[in-house]
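By written order: A, B, C and D. Residues from 1 in each chain.
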Amino acid sequence: MPDILTTCVYCGCGCGLYLHEENGRITGSTPSREHPISRGNLCVKGWHLHEFIHSAERLTQPLIRKNGVLTPSSWDEALDLTATELLRIKENTGDQGLGVMASAKCTNEENYLLQKFTRAVLKTNNIDHCARL
Amino acid sequence: MTNSINEIENAEVILVTGSNTTEAHPQVARRMFDAVDRGAKLIVIDPRRTPLAAMAHLHLPLHPGTDIPLLNGMMRIILDENLIDDLFIEMRTENYHALRDLLFRLDLDEVVRITGVPLDTISQAARLYARTQKAVICYCLGITQHICGTENVQTLANLAMMTGHVEKEDTGVDPLRGQNNVQGACDMGSLPNVFPSYQPVSNEDYREKFEKAWQTSLSGTPGLTLLDMTHGGADGAIRGLFIMGENPMLSDPVLSKVKETLTGLDFLVVVDLFMTDTAKLAHVVLPAASFAEKTGTFTNSERRVQMVRRAIPPIPGCKTDLEIIMNLSRRMGYPMEYDSPAEVMEEIALLTPIYGGMHHDRLENSWGLQWPCWDRQHPGTPFLHKYFFTRGRGHFVPASHQSPSEPMDATYPFQLMTGRIYHQYHTGTMSRKGTLLNRENGEALLQIHPDDAGRDNIRHGEMIILASRRGEIRVKAEVSDQVAPGTLYTTFHFSEAPINLLTTGARDPKANCPEYKICAARVEKIRQGP
Amino acid sequence: MEHNAAGLYLPKTAKVQSVIEENSQIKTFALSLSMGAQPTVFRFQPGQFVMVSMPHCGEAPISIASSNSRTDSFDLSVRLAGRLTSAMHSLQPGDSVGIRGPFGRPFPLDKLVGTDLLFIAGGIGLAPLRSVILSCLADPRFSDNRITLLYGSRSPADIAFCTDLAAWEKSGRVDCHLTVDHGTPDWKGSVGLVTSLLDTVAPNPTRTKALVCGPGLMIRAVLAELTCLGFDPNDIITTLERHMKCGVGVCRHCHLDDKLVCRDGPVFTLAELQGHEVMELAT
Amino acid sequence: MERFNLLKKDHLIGFLRKLAKEYRIIAPVKNRHGDTLFTPVTDLDNDEIDLTNQPQNSIKSFLFPQTEVIATYQSSTPDDYTFTEPEPSFPPTIFFGVRPCDLSAILYMDVIFLKGKKDPFFLDKRRNSLLIGLNCTAPFANCFCNATNSGPFLEFGFDLQFTDLGDRFMVETGRSSGERLIEDRPQFFTPSTEKDSQARYQSFLEARGGFHRPVHLDQTLKKLAKGEVDESVWSFLSERCQDCGGCAYVCPTCTCFTISDQPLSPTNGERLRSWDACTFSGFTRMAGGHNPVHRATGAIRQRFLHKLLYDVKQHGRTSCVGCGRCVGICFGGTDIVRFINMSCQGELYGT
């Protein structure tokens, strides 16, 4: 598998770097030389960007709080519950009772879709992210 | 940023203020070093002697929160020595007289007293900046995270406009954006008052446009800001929160208040890669895919929209945020079906004028495009404000000094500043999983000046108590003359030392940005034994 | 290139035979490499170290503290310092650890035959010297050597290896002198730095070899004092502690200018260290 | 006159296609983004083998990868803790288009990993690798292998070595393993003539005269050996070093590594070896927090002295091969060329 060019997530500089994949695992990062920002080098965070991807601490199943404890569940159960609860609160509170926090670490497409979801589905403009933090 | 990152290396004078560039924006710092090697002069305004300040030609170590009087002082000297750009002011700006009136009333002795910077240094900086042709100002959260953040930025703009240092290549005022896609999240309308491309929700025409596109009715009432939501949820009106990839339980000020708010909700959903402090409070936690497992775009600090490419399929059990949102909206009776992120981008291009020419196929075969990019033929915009300001003429908004929100007193005699360090990123959920990054810098350190440390007999490397009027944490002391006597500095990356238990909830009323850079604090030794 | 190189980085499993709590910070573990039920022979020389693995904690170098005459098991004395050593402190008899080694250049025992031996240790630094002392006591070549030990601890409660000290004292073979930095009301021994004991024992620099191990500051003070007393730099032998990863002279974490402590040390004479920027020698 | 083989450029792909039946081919490939990297060639018809730009990675990334598993461990109870060495998985590989600097770097790595206790992971890869070199006829902007004696042409270390003679390559044989590559595929080769040898020598002369950067390595080596490098050089470098580790990571001879455990579950995990850099302060920091190497004075010095002084003492050569990869990418503008020239000229701000 050839190296895959992508964009670093560790700051606003936006370096171009290649992820090295082996047997389904990302084993390294290397800067793009031609990329206008990275120009052949990355900072220490970029060089070690791949390290968290396969961390054993990654969440790998949805969790639902049952009797006060977060308990593994299926995706369907978690999504159904989320949809039901959001709808219930929306019905009870109108456009005031729900809020959404988007993320400066998510992609543009995800942010776009999340604000569309907020405005078109939840019917509220209560959406923000930590732009100022 | 109005300029591109690469323009910085061509500048002749670089004024850096409120930015620890070498640690927070290494690639920008790299351009600054290059510029210095080519003969550029570097001016750093920072209360701390940061690595960049240490190698600067001029370092102005001002007292925290005194940016406005310092910059006004520089402008007064520029005015007195007639180093202003009359032609630029005449042709391109308005309201200059208001600034001039303010500057004429300014007492430079008072400036020296407030800022703690010698007049001679201020004059040198003023002359250096004003006399050059190509001058760039880079600023970051050290400017904005104050109750007068908006005024700080306006004052920087005043300085740049009065000397004509805008609207040109290699010259301008550049805010460095902290997080990787903070620019994009704003552009995409993840804000309470605007649709994508900063089109106000309160404006009927824009609302109609989005209602037509999305085929549904939309609210015209601006929503709540982040701090409104996490600090009391607008007095309890908020009953449910959906949090995607954020960790307010570490990143937001006055964490006790955030915790009270989040635990008081009827329903909290957190979508994240890891079990964050916020996720621990959730009713439902959904495991998301990381950047390596999805395709999309990020917009960097210089407005460059570039591809993020999927290198591996999502880790078994995880879903991309797009899938999660589509799944939810389908269940909630408003199906949003997109075959690919590229299809989402096509809709973005349709509704977001500054992204009008952004399509994945174009981005795929380039190093990205800088907005505004109006249509498919548009090459993108490396620097903004080339011929005219977005709002027409540049408007001078003079400002005067505002004291920080929280005064020091005998109990809390220190000014505590917070910021970032090189090896960690934001709340550390990702960077702290990296073994090497964590080895290099794996715990919170509180910088304290040797004089202050000596007075309290605090040793380098000792765990001490750091307290503010809102709480206390334990943190390791780093005795360092990077900070001035009477000031402290630490970071917010570490959940073991959640500094935002201490920071103040005061914020800039215009931008809603919390005053992370100053709160009153005290330190004390941990008493041994019972 | 044809040699089979497998196993260079592959730890073997060792079983904890016994645990001795030396003080609140130090425990001594007797370990034996196990191949099925029979313990495997483990040979080493005093001064050498092993790389110890604990689950999810990686590896750390730990010097061997037992006599080289014992080959069915070996001792490691471990002071609480980081994640791995904390994990070790919860080990019980029967538990497993990973072991690679022994590695490193040992103390030059052959060159010590026939001289007076002066051991100077601070805290956990007694561990590698204990290995030398025990090896000498078990080796007939050393039956005539005069052996003196100067041992400094932070406080009476911090004195480690009490059983050994008592046994050595009792046997009359080792002249033990103890000191503590901070005394307590019931402490009758001497108080002060370990260097102060040098005046008491007044070693003869021409026929004595000094073996020194302890914290950096202590080594620094002792080496300076010994030099003042007229010891030849070749007769002052110390062992250095460094961060290590491979243990076999490749990864370079333990660099000391052009030397690697894991390969060229950890045992060095003062003569070998002079001219290098060594923390333990810095003035 | 010594006879060599000639391979027409038109037949290069054909030759590689035959080799690809038995070997994985790793060559400099220019990807669609315009970057040239050593990459496994998967599609000889469409992958653009780029012999005109320097690959930005060296083949170190394959022989000593950024991360590799050196053991797996499992421990379900405290009395059970066992390790397993991974099965070797490096397929027979031909590295094609390896330039003299990178070839020299491999010879250096052979010394580090295979002299004395043999590193099993490097050995496995090295054993399964054949090296087809490519002499440099036009040095790149940052190259200085002339100063480090590792180019632009190389006399040994390769299995085969190609020299570009316009429409054809002259092919030299370095080892019997290389000889066999030709013998088994004789149809691609014709014998060289005296004219070809002259052309090769001419191109060597041109290459030798084609370096763009004056690098005064000899003078610096003398000064280093005598300990005459000014202290201000070290403080200048350490003030500017921004701790990215990039110089070590792009360097074809930097072989420092760290070992760490990556848990896969509560009961098992992998032991990883990954690249490390001697300039990082955590490189030498001990468990209790104490660091015997002062970052400002010790770590940066170690990087340059190791390459230019200690390796000369120990192995009789510098471990800088003059590939120039670290030049121009340093965040603080303090690469090895700047160091070398600063040390002998005693001048801080000149390059």
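To be clear about the criterion, a contact is a pair of C-beta atoms (placed from the backbone, for glycine too) under 8 Å apart; a residue touches a chain by one contact, two chains touch by 3 or more.
Everything numeric here is computed off the predicted structure, so don't read it as measured data.
Trainee: Is the number of contacting C-beta pairs greater for B-D or for A-D?
Mentor: Top pair by contacting C-beta pairs is A-D.
Trainee: Between chain B and chain C, what's the gap in Å when you average each chain's C-alpha atoms?
Mentor: About 52 Å, centre to centre.
Trainee: Any idea how many Å lie between the Cα centroids of chain B and chain D?
Mentor: Here the centre of chain D sits 40 Å away from the centre of chain B.
Trainee: Distance between chain A and chain D based on Cα centroids, please, to the nearest Å.
Mentor: 37
Trainee: Give me the residues of chain D that touch two or more other chains.
Mentor: Residues 33, 242-244, 258, 260, 262-263, 269, 276, 280, 285, 331.
Trainee: For chain A, write out the residues touching at least two other chains, lowest number first.
Mentor: 5, 16, 34-35, 41, 43-44, 50, 54-55 - these are the residues of chain A that touch more than one other chain.
Trainee: Can you list the residues of chain B that touch 2 or more other chains?
Mentor: Within chain B, the residues that touch at least two other chains are 26-27, 30, 367, 422, 435-436, 440.
Trainee: What pairs of chains are touching here?
Mentor: Applying the touch criterion to every chain pair yields A-B, A-D, B-D, C-D.
Trainee: Would you pull the chain C residues touching chain D in the complex into a rising list?
Mentor: 1, 3, 5-13, 15, 53, 55-60, 81-85, 91-92, 94-98, 216, 241-243, 245-246, 248-255, 257-258, 277-279
Trainee: Enumerate the contact residues on chain D facing chain A in the complex.
Mentor: 29, 31, 33-37, 39-40, 42, 56-57, 61, 65-68, 242-246, 249-250, 262-265, 269, 280, 325, 328-331
Trainee: Hey, which residues of chain D end up touching chain B in the complex?
Mentor: Residues in contact with chain B: 32-33, 239-240, 242-244, 258, 260, 262, 274, 276, 280-282, 285, 289, 331-333, 349, 351.
Trainee: Over in the complex, which chain B residues touch chain D? Could you list them?
Mentor: Chain B residues touching chain D: 22, 26-27, 29-30, 33-34, 37, 51, 54-55, 365, 367, 422, 435-436, 439-441, 461.
Trainee: Quick one: which bits of chain A touch chain B in the complex? Just the residue numbers, please.
Mentor: Against chain B, the touching part of chain A is residues 4-16, 19, 21, 24-26, 34-38, 41, 43-45, 48, 50-55, 57-65, 70, 75, 78-83, 85-87, 89, 92-93, 95-133.
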